[in-house]
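Two complexes come next, and they have one chain in common, chain A, joined by chain B in the first and chain C in the second.
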Partner chain A sequence: MRLPPFDYHAPHTLEELLTLLAQHGPAARVMGGGTDLLRALKTGKVCCEHLIGVKGVQELGGVEFDEIQGLRVGAHAVLADVERHPAVRARYPALAAALDTLATVQVRHKATVAGNLCNASPCADTATPLMAHGARLELVRPSGQREVRVEEFFRGPGRTLLEADEVVTCIRVPPPRARLRTHFSKFSPRSRVDIAMVNLTVAMVLDGDLVEHVELFLGTVAPTPMRALRTEAVLRGQRLDAERIRAAAAAAQAECRPITDMRATKEYKARLVHAMTQRALESLAVVR
Partner chain B sequence: MKPGRETLIGQRIPRPDARDKVTGAALYTDDLHLPGMLHGAMLRSPLAHARIRGIDVSRALALPGVKCVITGQDVPAVRYGNWRLVPELQDETALARETVRFIGDEVAALAAVDRDTALEALDLIRVDYEELPGVFSVDEALAAGAPAVHAEHPDNISLTREIDYGDLERAFAEADYVREDTFTTHAVSHAYLEPCSVLARAEPDGRLTVWTSTQTPYYIQCLLARTLGLRENEVRVIKPCVGGGFGGKMELRPWEFAAAWMARATRRPVKITLDRQEELAAGRRRHPVRIRTKIGFRRDGTLTGKSVTAHLDGGAYNGMGPTATFLIGNFGAMLYRFPAYRYRGIYVYTNNTPAGAMRGFGAPQALFAGEMQMNLAARELGIDPIELRLKNAMRPGDEIPGVATISSCGFRECLEEVRRLSDWDRRRAAPQPGQGLGLACYSFISGGVFNWFDTRYPFSSAEVKVFDDGTAQLTTLAADIGQGSDLILVQILAEELGLRVADVRLLTGDTAACPQSDLGTWGSRVTLMAGNAVREAAREIKHKLYEMVSLRLDLNVIHELECGDGHIYPKSRPSKRIPFGEVVAMAQRANRGRPLKATGYYTPRDCGLVSPAFSFGAQVADVRVDLATGHVRVQGMTTVHDCGTEINPMAVEGQLEGSIQMSLGYALSEELITERGRTLNASLLDYKVPVAEDMPPSRSRTVETYEPAGPFGAKEAGEGLACPTAPAIAHAVLEATGYCCKDLPIRPEKILEHLAGG
Partner chain C sequence: MRRALVHLTVNGDRYCVAVRSNTLLVELLRDHLRLTGTKVGCGTGDCGACTVFLNGRTVNSCLTLAVEADGGEITTIEGIASPAGELHPVQAAFIEHGATQCGFCTPGMVVSAVQLLRDEHRPSEECIRHAIAGNLCRCTGYTKIVEAIEAAAERSGP
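Then we have the complex of A and B:
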């Protein structure tokens, strides 16, 4: 398939990038690894007059961690670089686990975390672990800079709150709070190289067996990755015993909003949410 | 096997092509480039059933770089199909003329300077369709007043096939236990690694050369010649490396015709390579079948009889469907002694994507139904499933009246051994929640004796030349499509001539250079049929060489000679050996220098309607079902099979592993999901072929049998193994959860629905 005609720009600095965005705005698309975008262009699902590749913009690269700032993932850092980073493996295991299941080795060496988020698929594997870790996206446009939480970033399938002249520069993940436990899980028919039927991340701090802090995020079961607030409410401040876990699993099943498609019925996906939530909580209860 | 010397038969010899294939050096059709080559593409119908009112190709033709556009109006409407024996069954033309019958039906083809231009031009062809009502299931197609897919068949029934023997009414009347079940199986894709590709070149003398990804170069040669209006010998078909076929590449296909036609029209080579989306949406697939089966037993488990009715959803054209319709009936009668059996197979046209041959060809469907029903009967009779089978198992010499006679048969030994190897008795005595063992068995053909293609040539041929440097050359049209048959044939020749594998050059895959003929790769026929042809040629060569040795050594007429270790010698006096090449030189000198060659042939005769030989096997699946998600994890597969002599155990193991992978998908995750004829999951993202990590550990054994009809006692190991896995997994899931799958695949949702009491 032929790519439609467009002008390709490869800026070297953020300033050049912003100038291009200011110039072309709505007629431009920003490309990270291009693993989704190029195919969408070829099949006509997306069209643009200007394609701006960001891999040459030095400010947008790198994966760094320090105990005060936490993790910074540059907008063109590829999934494999993040997955392999020792701090990610040690401090953000849910994110590492999600990256480990995502797509194929080849795609992980091409695609970016920022791209995974900007693509705004409800089943983006990096979304729920980043949300559970309180990650924020740093967005820059010619008129200024802002930071938004990942959960605010999604607006619907394929839609984000990025403005036409705005670009993601990096993802910042705060250092995990003390005693934080996280759990990522993904269900797909194939063990590997598959898209999630349901994915989820739980982040929790336990004080003894009391739930001091909990956040639960579900993927693929709503138009965007969603926070399961009612489920969290069932758990927060409560004893994490078998009965509570069952109640939370039931709450998660009730509050998710999946659709029926060729992959599965909505009822089945909700059952999966139940089973996976229960298992995630059980494993967190055991880990302490 | 010959005692007293090293034999190549049964040696674990790695495939010589493996390195090139895994490093990407091997050349497949799409890797070939010719100067001035054009790239073609097919325009496919977006509608499942429609009349073509007109086609406007002017805008496509006007696009710079487009060199040729053809529609059904531009080419002769020659109907073709593999069933040359019954021309009424040939119901396809390369390009639709008046009617399209499925989504993806080929309407036009074009060729341009590059692929992008070709694809762009496709969008510029305007087709004026008048949409017609369609039928998308067997029931819809058979309903009164249903629209006809083909006007010649107003009832949408293309054909019926029957098998009938014994007194079935009495069989059921005498039975203490009768059960009737209906099973349905689904459409799956071959999902071969290499999508179809063809490259055609018109030769200056008017002849045609075609490189194509095919299992059957000879069929392509004949059918292309007919559709193009050429004589057969004017078409040369070359088969480069082929990345799998599994039955999906054994018919002439529209792109082969289109590339050839356009190459002749433009005088430039034309290549057409399909993409995965086309393959999944419009490619052939395994027949979905509904099988109603009734079976009777005496109280002690002895079978009294069985009746089977199968409705095949054939899609829009016959393809290989008539054969599948018969084979389901044949496979339904295999494995056990049915004193009475009745089969009725009905091939139904629908406006779905046409089905075709696929690994096992009728057997995966017939055996899913048959083996699941055996397991259900065993439960209700309170008899162990292995015991129930042992009681009724076929034995050597058994006959399916009028259909087949079983020669070698190690089925009972397979059952006994799989019981031991899978720890069957102990595991079943101590069931664990969510876990289970399941059993299923198979029998399969070693090549088909049917001549639906109506060839006038031998089924297999092999030419052997030997040289005075101690080497040999084997030329045959037998088609290695990835299964490794090339090495098997070389092993057979080297064994016969007492040479090393490295001493034999193989020339293959060229209809102009190979002896006429070979029917190609299907029905697990190559080892037995081409192997026998190789042996016949080798024996003729040996006969000539032995004359020379007898003369030189002035041997008493009672001496037997032997080839081994690159020499020829009297069996009783191995030390008086003469180098193989020297004997060849002697033979040449004795014949004024004429090179020494011989051609061997094989055509099955007098061996029933089906096959000269049958393989058997039993397989146990060990599964763990996640009771919360319904996810099935296959933890292990244990297989014991009877493939006669293993020529190369590594090749047999490769077939077994591939079969398990393929059937794992068939059982659990693969399914072409369609809606009113449209395939919804035409990508490998949503068509779930299992990956390496899904593969269970596999244990296997072969039982020792010797098949007199096969070379060195060998029979098939390529397709039968693909049949028991789905029913074995389904049985294991039944044991683990109580959920009995009668409609493949075993989706986790179905298990959960059952567990929820739904």
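Then we have the complex of A and C:
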């Protein structure tokens, strides 16, 4: 499978990158690892005259953590480096779990977390754990800089709020709040490597068996990864017992909005949301 | 379309190759350098037949631009044995355990197994299966491949 013609640019600085984007605008695509983009170019799903590779832009690299700022994932940090980072494993286990199930070894050596978000697939495995941790994307364009929450970033399947002259520079994840427990799960035929039928992340703080804080994010069951606000309301301030867990699982099944596609019917995905929500809450109830 | 000069080291040899922007690394290896041990299966990063080392890490060379490898160091299946021709323990184990049938997946499978044994000296069976999840084999059913990698790990382990 050959690639269609395009011009490739490899800027070395953020300034060069922004100049190229300003110059070529909608005719250009920014490439992180290229594991989705090159495939989409080959199959004709995406066309572009200019491809701008960001791997050479030093400001956009690196994975760092400190207790005050939290985690910073540079735009071209690859999945394997984020997954192996000791702070990610210790402090953001749901993100580490999502990365562990995502793609093959070869793809993890090249694909980026920022790229996983910029593709804006409703199935993006890194989306729900990042949302549950309150992650923000740092965006830069010639006219200035802004930070947006991952939740706000998605606009629909394949669509984000990135402007044509704008790039992601990094993802910032605040330090996890005290006593926060998280749970990521994914269901797919191969359980790893392939795309999720459903993925979800729960973040919870329990005071005894009372739910002090809870956020639940569901992937693949709406046009974008979604926050399950009605399910959270069923749980917040309540005792996390078997009855409450069943009520929450039913609420999650009711509020998700899946479609039937090549992976499963919408009814099956909604049942999966029920079962996976129940299991996630049971596991969080047990480990407190 | 622009052309670019790509400087790279492949299996210890240095090359300077003129490529187009849209030339893939696998095309550079196979068509320009005639290193045809690296195979093209799906062309979309699913089958792993095109797996090579780029700067010490396995990648799908069908999803890598040749220009991305500029300044880089590549090892293909042709560079896995020692320069004197002594097979890598993974290659020797593949032969002994009959881990090859049609052979099309074998170069990528061997490269992925070599990557695994660099990272893990005594991988579990689950770990081996996870490591080769990006390499599809339509013949063997994987059992003999997993056995061969286990045997290679025992042989090359500390």
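Everything that follows uses one rule, which is that the second predicted complex is superposed on the first by the 288 of 288 C-alpha atoms of A that agree within 3 Å, B and C clash if a C-alpha of one lies under 4 Å from a C-alpha of the other, contacts with A are read in each partner's own complex, and residues count from 1 in each chain.
The working rule: contacts are C-beta pairs under 8 Å (C-beta built on N, C-alpha and C of every residue); 3 or more make two chains touch, one makes a residue touch a chain.
The shown structure was predicted, so the numbers you read here are calculated from the model rather than taken from an experiment.
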Clash or fit: how do chain B and chain C relate after the overlay on chain A?
clash
Just chain B (first), just chain C (second), both, or neither: which does A:263 touch?
first
Looking at A:191 after the superposition, I want to know if it touches chain B, chain C, both of them or none. Which is it: first, second, both, neither?
first
Applying the document's definition of touch, where does A:271 land relative to chain B and chain C: first, second, both, or neither?
first
Per the contact definition in the header, classify A:176: touching chain B only (first), chain C only (second), both, or neither.
neither
After lining up the shared chain so the two structures overlap, which partner does A:279 touch, if you call chain B first and chain C second: first, second, both or neither?
first
May I ask you to decide whether A:105 touches chain B, chain C, both, or neither, giving the answer as first, second, both or neither?
second
Taking the superposition as given, does A:74 touch the first partner, chain B, the second, chain C, both, or neither?
neither
May I ask you to decide whether A:2 touches chain B, chain C, both, or neither, giving the answer as first, second, both or neither?
both
Among the partners chain B and chain C, which is in contact with a greater number of residues of chain A?
C
Residues on chain A touched by both chain B and chain C 1-2, 190, 192-193
Residue numbers of chain C touching chain A in their complex, please.
1-2, 4, 20-22, 24, 27, 42-45, 48, 51, 54, 57-60, 62-65, 67-68, 70, 112, 115-116, 130-131, 133-134
For the complex, which residues does chain B have touching chain A?
116-117, 119-120, 626, 628-631, 668-669, 673, 680-681, 685-686, 688-694, 748-749, 752
Name, in rising order, each residue of chain A that touches chain B in their complex.
1-2, 187, 189-195, 262-265, 268, 271-272, 274-276, 278-279
Mind listing the chain A positions that touch chain C in their complex?
1-8, 10, 34-35, 38-39, 42-43, 51, 53, 55, 80, 103-107, 109-110, 190, 192-193
